[in-house]
Each structure stands twice: as C-alpha cells, then as structure tokens.
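What follows is chain A paired twice: with chain B in the first complex and chain C in the second.
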Partner chain A sequence: MVKMNSIVIVGYGGYVPRYRIRAEEIARVWGRDRSELPVEEKAVIGLDEDTVTMAVEAAKIALKRAGIPPSKIGAVHVGTESKPYAVKPSGTIVAEAIGAVPRITAADFEFACKAGTEALQFITSLVDAGRIEYGLAIGADTAQGRPGDALEFTAACGAAALIIGKNKSEGVAEIEACTSYVTDTPDFWRREYERYPHHTARFTGDPAYFHHIVNSVKALLENDGYTLNDIDYAVFHQPNVRFPLVAARLLGIDLEKVKPGMVAGSIGNTYAACSLLGLVKVLDQAKPGERILVASFGSGAGSDSYIIRVLEGIESKRGLAPTLDKFIERKTYIDYAVYAKHRRKILM
Partner chain B sequence: MSNKVYVAGVGLTKVDEHWWTSLEYLMTEASLKALDDAGVNKVDSIYVGSMLSPVLQEQGHLGALLAEELGLSSVPAIGVEAASASGAAAVYAGAREIESGRANAVLVVGVDKMSDGLAEEVTAAMMIGERQEYVGFIGATFYSLNALIYRLYMDKYNIDQEKIALFPVLCHEHAVNAPHAQYPFKIKLETVLNSPYVAEPLRRFETTAIADGAAALVLVNEETGKKLDSPKTELVIEAATDYLTPFQREDPLWFPAVQLSTSKALERAKLGRQDIKILETFDATSIMAILSLESSGFSERGKAWRLLEKGELSLSGSLPCNTFGGLKARGHPIGATSVYQIAELHLQITRRAGKNQVDNAVAGLAQSLGGIASTAFTTILREV
Partner chain C sequence: MFKIKVPRYWRHKDFRYRLNAWKCNHCGETHFFKPLICRKCRSREFIQVSLPETGKLLAYTVVRSPPEGFELQSPYIIGFIELDDGTRILGQVTDCQPEELKQGMRVEATFRRIREDEEDKIIAYCYKFRPVI
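Take a look at the complex of A and B:
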C-alpha cells in the first residue's frame, strides 16, 4: 500500500460535452427492449471536439481552481483509450494549449477505463518524490461502442482533470492513501486498427469489475487502517448505474454514500474520465474533513483506489469555476442520425 | 432377466457461473464427490454426457480426459451426446452396461460450462440439437421454436400466459433451500410476466440462464451394492426418440417420446403413475414443462396448469415437482442437467434432501429431454 506524504489536489475540473442521446433512442434504432436500459442518456461530443479538446476544457477549469500559473506544472499526463493520434501524445497538445510547455514530462496512459486514475498514480508519485512541484492528471475519453452492441448504450464522452501539489494550504483535498489491484483478465479489448472494442458480456462483471474493485478497496481499507465508518462518500467506476451499487453492497457500503458521486445515469460511461468525474461531482458538494473513497476499474483488468480527505480550501476554490452539474444540466438532445454523424459512425 | 441397477453415490457441484474453474475441474469435482459418497475408488467404466463442450470449449474426448483427471486412465471411458439429454444418455449407457452384466460399477457424469461462450455463441451452440439443414439455417433458435409451440398451446386450449408462467415461480420456491441451486430465491408471478420477451410470448423468466455445472452418479449392480454402506436407490431408465423438428410431427403439442419412454419405464419398474411420489420435469422453458407433464400422463391435456394452481406440484402437494428448483432455478447446465435430476431424486428417496425433504418420497420419476422432446429419457428411482 502506498502511504502518501501530504499529496493534495490543488485544483479539479470536469467537462462534459453538450450533446446527449437518450438510451431509448438507441434502443429504438436497434429494436431493443426498453425496459432494462443501463443508463438514461449519454454525453456525445460535438463535431469539433475530441479527447484532447475535452481534456483541455477540464484542465482549464482545474487551473482556475488551482490558481497557479500553468508554467509551474511539471507533468501533463492524459489517461485515455480514444487518443486522436495513434502516435503523438495527447499530453503535449493539452500542455501546449494550457501553457504548461516546455519544461514538463508528457505522455498518455492506456488502461481502459482506469487510465485516468493510472495517470493520477504517476503524477502523485512525481510530486511525492519531489521531482515536480505541480502535476496535471487527466482522464478523458470519447468511448467507442460498436453500433448495435450493448456498449453503445453507455460509451460516452467526458474529461476530468486534477492538479496535484504538495502544499496543504493550497489544497482542496488531500490524497491520504492509494493502492492498485491488477491481473491479466481479458474482459474487454480493442486490437490495433480496430474501430470498436470486443467484450465478453457477463465475464466483465464478477471476475473483472467486481473482483478487482472489491479486492482493491479491501486492501486499501485493511492495510491503511481505515474502516467503512471513515468513509463519507464512495465513488466507483460506473459502466452503468447498477454496477457501482452492487459493488457498494458487496463491500458493505451504504448506498447513500454512493449516490452523490453517480454520474453515469445522466452522461453514460465516460471511461477513463468516469470515476474521476464522480470524484469531481463529490468535491462539488463535500465538506471539509469528509473522506471520499474512489475506486476505478479498467478492463484488462485492474482497479486503483484512493482515500481522499476534503480540506478547508474546498470552500474558497469550489466557486472559482463551474461545477460539474452545470455541464451535466447543459444539454442538447440529438437523435441517432446526428449522433452517428458526431461520432463519425457513417463511413463512406 | 437383466441385472438390477443401483445408484450408490451422487456428487453435485453448485450450478453457477463458474468463472474461476474449468470444464475438467467441474466434472472431476462432481466425480470425486460421487465416488466418495458411494465409498468406491474404482469403477469398470465411465460415461460422460455433455452437449456443448465440443463447441464452447472445443473439447471432445471427455471420457479419456475425465479418466486421466481421476487417475483412472486404463478404465474404458466414453463421451455420450444426446443434446440437452446428454447426461441421461450417459446414465442410459451406464445402466445398460450393468444390466447386461458386463460391469459391476460405473461412473456417470454430466457436465457443461456455458459461461465460456458469449450468449450468442451459446444460443447458436444449442441449435446443434436441432436439424440444421431445415431449421437452423433459417435462424431459428431453441427459444423461438418454443415460442411457436407456446402460442399454439395458448390458442388451442384458450389459456392465458399467467397460468403457464406459474411454473418458474414454483421452481424458484423450491430452490430456496437447495445448496446447489443457481438461483435460490423466490420470484413473483409479476416478475415473470414483466420480464422481457426472449421470443414472444416466451419471457426471460420462463427460460433458463447461462449455467455451469457437473453432476455425477455411481451406478452399481446388486451384488456390489450389498457391499457398500452408502444409501442406495434402484434405477430404471428407458428412452425414446422422435422427429427432431416438432413441426414435422403430427401434433407439436404432444411429445410422443415422453409418452413412450414414461410408459416403458413404468412398465419395467412395475409401477403405476400413482406410485410416483416426486417428479422431475424438464422445464427448459415453462411451456416444455407443461407439455411434458401432459405427455407423460401426469396431467390431462390442456390442464397441467391446474396442478400448478392447486399447489399439487409444491413440496407439500400430491406430486411434488422439481423439488430442488428444476432447470429454471437449480439451473440448466445442459449436458449435466439430467444427472442433477436423477441425483436429486436419489437425495429425496434416501432421505437426504434437507429442508426440501418430501415425506413419502419412495419412488420418483425424472423426464430428461433432448431438444424439444426429440429424445426423451425417463428414469425411475425407487427405495431399496
């Protein structure tokens, strides 16, 4: 288990694109039963958006809250499985756009839906080691779902950014502990040159999502001496609205602690951004002193979990930028045809 | 006069989605349990029933494979296939070998592990039990064929779906205390009726789910049985076949193979239907259970629902049916299922059914069907 030495989040930001498609609309097109849809609706990028533009939006919001000059950022790492370029880092574009270049490290992380928290592991380590003063960790995705596949109902777009530093007086929250649980579990994958991922249906439940999240969280709690009573909010990766609630039940966590961080129902599964957007939503409402458990899940498979304690700084910094709910509530509905155009699903 | 056949031991794995284990492990575990239960460590031959393993695991040759796993290599061991009745077909082969006097003790195992395939792969694999050339190629599935029969049945007898949909409710009630059941919880009729269509009018809760499991029996002759301390039952098994496609039959709502195998088994056991105190019916779908009850003569045609409505099929009824949850709630790991059915009868008759024990379980009958009753095995177990 990793004990963190005064690692704080000095700024945070979430971004969700404006467009929404209702799961019912997708069901209508494919003739699916509408009684058991995994989410209500999902967020879709505009024609001029991609993972990098969303990452920039989230980073700019995080910077506003952090109140630091971007040149002080020493590392920009983007976790994503939908890089606009197969070869060329998204991190460099983001860093350039926000003015963090050139004295930085920049690279992209890929670990399915936990790439964002994986970037966070790396950034917190750099800060903890004293290699950089501030670092920017981003989870962003324009997730792919094959037309007609179960994933199409949930695969969504969004980005979340955290600026990490060491000075508690600047922090909105302190990352107290973290751990990771990883095995070779092929529940979901996309090979090179493939447009859409493959998945193994129910196999992605028990042996993948639940096994890794439960073990990651249990290890974190047991080894760092936390009990469930220490946790005020629990944020899990949200491939749909049901899985995080089941994970909470398996861990004995009160569902009321999970609900404040639920975002998938209204924006879908934003993959690498998903659990971080849940954290952003909780930071938008939590009080100083409260503790947040965050557990991501990435297919392939693994789970990072974090214990984060909210600091006094949240009160003054929260209002410096729009809350996530502003983005969630700002929406324009599109039908399947427009969605297909925005997501470049129509190939001539 | 053929030798008598006794069941001397049974072994069951829990029916589940066994993500952490393999087909080999499941059948080995069930076998070891059955051998332990019987108190034997060697057998004269082994029969393994499985339908889907050549497709889903790309694994055949299960006989030699299991013998190897058990450390019994050199023992004759054969895989047996008869669609979803593959397990019963293995029992049939094992029983006939003992009856003929060529074996004293036989290990019979049924196994399938459906979770190794995606739902669409499993659905396609299930169609190997149908006639591919005429039926499979049009895209029909096991469930769509059931749905057609279901419609015909409701039309012919003017019966509402809610009468038939009571069957899964009964099964779940019986599974509550079954340690090896896949779904040991109760459901309401509304749950069944509100579940999505699989193929209209057949709803999800009237079908079975992806399931993994293995069940095993040790069959012995009378002489061997006398030397063993384990509780025993006497087994009689008969079989019959029919056209693969129900719509080629004179009447798709009548299962002649069920009728014939039931009559043959009762006749050989010298029992009447009134002597049968517990019944295991093959509820791969609710409508199949209903038609089996009628074709086997335990209900008048078009009236099986009345047995359900009156509670006759409940544990405290006159003919307790699917006493550990049946295919719906104990689970339906295809090739293993009929061995579970027979093992469950054995547990009842040897008074080892725990909270599900039926008082006067002195004789029971299991119907095991391959396809839509294209193969029917009827197994009768009785007290010894």
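Take a look at the complex of A and C:
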C-alpha cells in the first residue's frame, strides 16, 4: 500500500477516434444472437491512426489543461499492448510530437488492460521521489479481436493521458493512495508474432477480473482507512458493461456511483485506456472535495487501485479543452467491410 | 515498392510533428524546413518558431488517384490552409468527408500517420488538419 505525499493530477485528457461499429453489425456478419451483446457499439481508429497518434491527441488535451510548457515534463510513459513497433518506443514519438524531448525518460509499459495505470504508478513514483517535476502517464490501445471471436465485439480504440505534478495549487485532483494486486493467472495472452490474443472464455471472470479487482480495492480501503462512504464515484475496468456493475455489487458499492464513469457501452473496451477514460469522464463532471475510486484490471493478471480526491482547480481547468463526451458524441458509423479495412484485417 | 528516406524524414520531424518552422531574422519570411539562405532576402539568420495549430480552410481537393504509398487512404482530401498567423500551408484534411467541408471553416492540426515504408516498415507521422472539435 502506498500513501501518496501530495501527488496531484495537473492535467488530464481523453481521446476517442471518430469511427464506430455497432455490435449488432458484428453479430450480423458472424451470425450471432443479437439479444445479448456485451456493448452497444465500439470505437474504431481512422486509416491514419494508431496507438501513438491517439496517445499524442490525449497528451495534447492534458497539456492544455495543465497549462505547463511541455519542456517541463520529465517522463513520458505509454502503457499499451498495441505498439506500432515491436522494437522502437512509442514514448519517444509521443514525447517528440508534444515537444517534451530531449531531457526526459521515455518508455512503454505492457500489462494488458492495466498498462495505463502501471505507467501511472511509475510516473507518480518519479514525481514523489523528486526525480522529475512533471510526468506524463498514458494508456492507449488499438485493441485486437480475432474476427468472429467474442472479443471482437468489444476490442476498441482510445487513449487517456494524465500529467502528474506535486504542487496542489496547480492540481485538478490529488492521488491520495494506491495499491496493486498481482498473480500469475493465464486468462488472456498473445504470443510474439501472433496477430490476435487467446483467452480462456469465462475463466476471465471469477479467477481473473473479479478476484483481482475485489482484492485490490479491499486492500486499499482497509489499509488506508477509507470506507465506502468516503467514495463518491467508482471507476472499474470495463471489458463490457456488466463486469463493472458486478464488481461494484461484490464490493457493496452503490451502482449509482459506478454509472457516471461508464464508457464501455458507447465506445467498447479500450484496454489500457479503459479505466483511465472512465476517470477522465468522472473528472469532467466531479465537484471539488469528491473522492473517486479507480480500479484497473490487466489480464495475466493484476489490478491497480487508486483513491483520488478532486481539488478546486478542476473548476478552472475543465473547460480549457474538449470533454470526453465531445469525442464520444462525434461519431461516424461504419459497416463491417469498412471496419475490416480500418483495422487492416484484409491482408493483401 | 514505396520507400521512405529515413534521414530526410528524421531531419524534417520538427516541422512535420509540431509545425515548428524557421523565420528569417531580417525579413520575417517563414520557411518550413531550415534553409541555408532566405529565399526572399538571402539572409542566413533564422529563429525557430511554433506556427499556430489552428486556421481556416481556403480550398481543398479530393485525391482519388493517389501516388504510391497513399493507396490505403484513398480517396483523401488535400487542403490549403491559412493558419492564424497568416502562414499558408498544404496538408491532408482528415476525420471528415468532402461534403462536410466548407471554404473558410475552422480547422486544427492533428498528429497522424502519413504513410508507411513497404519494405523497411518505418512509419512516417506528420501533421494533418481536421475540423475543429
């Protein structure tokens, strides 16, 4: 358990690409039952987008809210499982594109869907240790789903970025505490040179998602002296719309505290960006003094939990950049054929 | 097979990634890539400046017969944009259909993939423009 010492989010940003495919359309192509689809629709990248371009979009929005020159950023860490290059860091391209180079550390983190919060762990540590003044943590993914597989209904695209600093007067929210819960659980994996991941179907629920999130959150609350009454919003990783609500029920959290941070129904599971996009959505509406519980989940498996308290600065900084809803509402529907082209599923 | 000249791509990244250009210290002429001498006044002194990332669309065309390396994106839009400081610049316009565009509409720069080397697989990133969000 880590009790943080004045670690604040000074800027935040979320980005969702413009294109959407309805889950119904995927079901139509593969002859699936349309009555129980895991999400309504999911976000799809444009032909000229990838994890790096989305990470840059989110980072630039976060910079607008932070109001700091990019040269003050000392670390750029990108959490993703869909790097454009197997060897060549995404972090350096993002840092160059936002003008944060050269006196920085940059790296990519991989931990399935919790790679974004894993990057955040390291950025907060660097700031807490005084090694850097500001750091940029990003979760971004263009998630892969094998054609016809259950994951294809949800595997989506998006990015979220947080700029972390130490000065409370600049902050939109303070990260008060965090913890991690990790075991070797083979619920989802992709070997090198493979195009699509494998998963163990329902095994991904109880021993993986629910076990890790519940234990991570319980440890955070018990060890740091928080009760459920201290929490105004709860954001969980969202592989579909049902899992976060079940996790809340298992923890005894009112479902009304979960709904404001739900994004999967309208954009799908954005993997490393998912729980951070939920946090961005909550920051777009929360009031100073309110507390947010964020619990990510990454297959393999693990969960990072954070307690975040909203600061007065949110009121003046929120309007400096487009809210996440602006990107969610900006959409163009595509059919499966165009989706296959956008996701390069047609090999020529 | 389409090839990207990696050294040239690397040399141009300040402008292609961040619209960082060079202004002549004597006459104020803007150069997108650092020149040896100013094309207008022949001066050799320049300062690096960040061009504004927003502007208005002056004109556009739709490319339906793309050059090598751009086939996947076809059809795509090329716009002639006047940035907020008056600098005029060509660039692809993305995230929209041609019928959504109007002369004079506000656009903003966005960071995108521009093309990919088919043999060595290096990805070239560059600014494009899109309608302001």
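The working rule: the second predicted complex is superposed on the first by the 348 of 348 C-alpha atoms of A that agree within 3 Å, B and C clash if a C-alpha of one lies under 4 Å from a C-alpha of the other, contacts with A are read in each partner's own complex, and residues count from 1 in each chain.
Just so we're on the same page, a contact is a pair of C-beta atoms (placed from the backbone, for glycine too) under 8 Å apart; a residue touches a chain by one contact, two chains touch by 3 or more.
Predicted model, so just to flag it, every value in this text is computed and none were measured.
Visitor: Overlay done on chain A, so just call it for chain B and chain C: clash or fit.
Guide: fit
Visitor: So, does A:Arg131 touch the first partner chain B, the second partner chain C, both, or neither?
Guide: Neither partner.
Visitor: Determine, for the superposed model, which of the two partners chain B and chain C contacts more residues of chain A.
Guide: With both complexes superposed on chain A, more residues of chain A are touched by C.
Visitor: Would you check which partner chain A:Pro207 touches, where first means chain B only, second means chain C only, and both and neither mean what they say?
Guide: In the superposition, A:Pro207 touches chain B alone.
Visitor: Considering only the touch criterion stated at the top, classify A:Asp50 as touching first (chain B), second (chain C), both, or neither.
Guide: second
Visitor: Between chain B and chain C, whom does A:Ser35 touch in the aligned arrangement: first, second, both, or neither?
Guide: It touches chain B, and chain C stays clear.
Visitor: Touching A:Lys326, do we find chain B (first), chain C (second), both, or neither?
Guide: second
Visitor: Once both structures are aligned on chain A, how many angstrom separate the closest C-alpha atoms of chain B and chain C?
Guide: Comparing every C-alpha of chain B with every C-alpha of chain C, the smallest gap is 37 Å.
Visitor: I'd like to check the shared interface: which positions of chain A are touched by both chain B and chain C across the two complexes?
Guide: none
Visitor: Which residues of chain A touch chain C in the complex?
Guide: Residues 18, 46-50, 52-53, 56-57, 60, 84-85, 93, 96-99, 322, 326-327, 330, 341 of chain A touch chain C in their complex.
Visitor: Per the contact definition, I'd like the list of chain C residues that touch chain A in the complex.
Guide: That would be residues 13, 17-18, 20, 72-73, 92, 94-95, 110-114, 123, 125, 128, 133 of chain C.
Visitor: Of all residues in chain B, which touch chain A in the complex?
Guide: Against chain A, the touching part of chain B is residues 17, 19-20, 115, 118-119, 194, 196-197, 210.
Visitor: Could you please specify the touching residues of chain A with respect to chain B in the complex?
Guide: Counting only chain A, the residues touching chain B are 33, 35-36, 200-203, 206-207.
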